[in-house]
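I have placed the structure first, in the form of structure tokens, so that the comments after it can refer back to it.
Order of writing sets the chain letters: A, B and C. Residues in each chain are counted from 1.
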Amino acid sequence: MAETALLEARHVSKRFGGVQAVDDVSIQVNEGTIHAVIGPNGAGKTTFFNGLSGFYIPERGQVFFRGTEITRMPNWRRIELGMSRTFQTPSIFPELTVRENVALGVLSRAGLAFRLQAPSRGKREACADRVDELLGFVNLRRLAERSVAELSHGSQRLCEIAMSLSTDPKLVLLDEPMAGLAEAETDRIVEVIRSLHARLGLTVLFVEHNMRVVLSLADRITVLERGHLLAEGGPAAIRANEAVRDAYLGKEVLEHV
Amino acid sequence: MFEHVAPELFNGLVLGAFYAIVALGLSLIMNLTGTINMAHGSFMTLAGYLAFSMVASGTSFWFALLIAPLLTVAVGMLVERTLIRPLYKREPLYSLLLTFGLSLIAEEAFHLIWGANGVPFTPPPSLAGTIPLGFMAFPAYRLFIVAVLAVALAALALVLTKTRFGLRLRAAVQDTEMIAAMGTNTQLLYTVNFGLGIFLAGIAGVLAGGLLGLSPTTGNTLLMPAFVTVIIGGMGSLFGSIVAGILIGLTISMTTLFLPAFSEVSMYILMALVLVIRPRGLFGEEGLFG
Amino acid sequence: MKGRTELAVSAAVLALLALGPVLSPSIHIDVSIMSEVLAYTIAAMGVNLLLGYTGLPAFGNAAFFGLGAYGAGLSIQNWHVHVLEALLIGVLTSFAGALLIGPFLLRRRGIYFGLLAIAFGQVFYFIAYRFTDLTGGEDGMNFSRPYLGLPAWHATLDGTGFYYFTLVLFALAILAFALLVRSPFGRTLVAIRQNELRVRYLGLNSDRFIFVALLVSATLAGLGGALFGMLLNFAYPLLLDWHLSGDFVLISILGGSGTLWGPLVGSAIYVIGKDIISTITPLWQIFLGAIFVACVLLFPKGILGSLAVLLGSSRTAPPDAHEADRDAAAPAQFAAERHG
């Protein structure tokens, strides 16, 4: 695939009170890649993500998406441009069904949300088909009419992933998608991510602690430590990188993966 | 010209000190548990009436000044324990509504017990008259108010910074879970914190009686300005409440002097300006949506 | 409730309301009280939209209510307009008020939003209080009941006529409300209540939705206020005061926040209750406060809300204990889909 930078961050810095959470971090996410951001606790991964997705605005640095500068852009505008994200704790609509959760994004994408009149039958069916398609991607069709609150943690994550796809993004930011999941559920999600990448040509940027998952999924890995950029490269290079091994709880973590 | 303005400036300072103390009490309660205490004015009025009744039955003013707020604190802590505590796990809206309901009950209760028209609560003779200081003769009672409120403020600062309770309190505002995990009885902390806020309200209530008169609605007339003070000063900032209180007091007194038609709305206009220029308030914390 | 049942219930309620004046003598409730119930209901519907559906503490609605009353009253007093014009002007006044303060309120959420709403509402209160020449100040403003404005019929509405006038407007309002909350716009409001952040991360500017909701809420409050003012032939500053806002919130919660007919139930209890209790004791406010406290502590879902839960209107199926295992077995099906 062409090495076009879909998302680019240059010298992004973010401070909270007395803490420099992110310090001069740059990243280039190329189209069609699966790119991971890793680092020990407190490395600033989620803060960095938040700066990229418009949850916070960095004090310094710039963020570009598809060539447009989005550094100060409100979060909903970024979604319109083709970005999407999930959160560490699944950010879903707890009182709605799975179908309803996914449907809002579809309506939004079709420009039908800020409307008083219900969509015409044709549009309604098209949206319903799209919702079915999205539920199919994450294998939740069976649970479509259930209230999301009843779902297992893993299923809620899958629902959130379906929601993040509902706006037709080119880039999906996944914040610790495996957090709190058992082995079997983790495999499910890895499968889903792989399949989405292969099937839709989706570019994925994800934060993750599970090294096994990272090394098997990612094309490129960025390592952060205490807010700084520590290393960047392909899985083999990162695995062999001394500084990374030192930073990450000792060499065993990387050796036994 | 200055002689004309100076007394009003001083009055503004006195008024501002009131707003600051009431706002501090509100802030303390809000910062820790998110409770918006719409009954704060009622507690003020209660303290005022209790002091009045004590003085009317022969107690000295000074004794009442100390005891009435303490009695009010007892009532306050009881209310917190029984009525407000069940609502902590719910949205802040509910404690707001509950305390609003309590303020309605309180107002009628004051009406019932002490009459609708208000009672004359005159300060003791030792505080009457004026004290000449430099270019102006200051009303003694108002000087007294400023002095008491300053002392209360200093005491509060000491409690918050130098005592274990103060330390726990400040830590709890940052991270309640952590503090609970470290063994602090958070429920008790909430109750004592509430009592502290009410104590400030109580002092203000007793002092307000001699300045603004004492009627079932005295406390409530100070409530909205106190909320505006918290908003302007910035939610989460005690220092902000003090600064904003003084600022508002001065603003109101100056507009009363020069643009009397706008005296009541001046603080709201000030609030609107602050919100446009600095949405989080003068010293507030940066929030996502506020 | 299923669509057809809901329609039937709604029709029944409206039919019952239409019989109000007929039933009035036997139930000992004056027609003017019934009109008051409807006016308050419309205002409470505005609160319900913001609070029950969008999840925002709507504490400024009395300001819009009062603006409606004053708008209608001033136009009647100064321009001698007829009843529909007065109504329109009252509503437009509230709408204008919301346009003015809306942008400030949008900067904040949660309880901060509520406090700002109260604060700005108070500005209108003090303006009415102070500008005595215009508004009659503390004593309020009397005005006559406006004419119907029909070319052949120079008349005003009497008590019963005014009730039916109010009822028609109420029916229109509740129909519009029902359509609104069932629309995509309305569904987005409900989503905002549950998770505003996610709504934004689905590409929607929640501020826009909230602003429109605020405008609609203010318009409803203004409609209620204009009707109320014309009912009393009187407007006074306390109609703008935040304590009345608190009463509207109580009415909304008491009846059932987030339900269509909740405001009517709450308003009926409030208005009729106040009317009955105040004949027994001047201390009706203690009862009001006690109801507030009891409602908040004991049944926050309100009457219709609690009823909905009791009747099992929630559509959740019983939880699936083995779901995790079943889902784990799914990859085979999933693999089939991939190649499908």
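A few notes on this one:
One rule holds in what follows: a residue touches a chain if its C-beta (ideal position, glycine included) is under 8 Å from a C-beta of that chain, and two chains touch if they have at least 3 such contacts.
The model shown is predicted, which means the values in this text are computed figures rather than measured ones.
Taking the CA centroid of chain C as reference, the farthest chain centroid is that of A.
Among the chains, the centre nearest to the mean of all shown protein C-alpha atoms is found for C.
One simple way to say how far apart two chains are is to compare their mean CA positions; for chain A and chain C this gives 40 Å. Centroids of chain B and chain C (each the mean of its C-alpha atoms) stand 32 Å apart. Computed centre separation for the pair chain A/chain B is 47 angstrom, with centres defined by C-alpha atoms. Residues of chain A in contact with two or more other chains: none. Residues 34, 36, 38, 83, 86-87, 90, 92-94, 96-98, 100-109, 111-112, 224, 227-228, 230-231, 235, 261, 264-265, 268-269, 271-272, 275-276, 279, 289-290 of chain B are the ones that touch chain C when the two sit in their complex. The touching residues of chain A, when paired with chain C in their complex, are 53, 74-77, 79-80, 84-85, 91-97, 104-105, 107-109, 112-119, 136, 139, 143, 145-147, 149-152, 154-155, 163-164, 166-167, 182, 184-185, 187-188, 191, 195, 199.
Interface residues of chain C, counted against chain B in their complex, comprise 51, 57, 104, 107-116, 118-120, 122-123, 126-127, 129-131, 196, 242, 246, 249-250, 253, 283, 285-286, 288-293, 296-297, 300.
Residues of chain C touching chain A in their complex: 179-180, 182-185, 187-188, 191, 194-195, 197-206, 208-209, 315-317, 319-320, 323-324, 327-328, 330-331, 333-334, 337-338.
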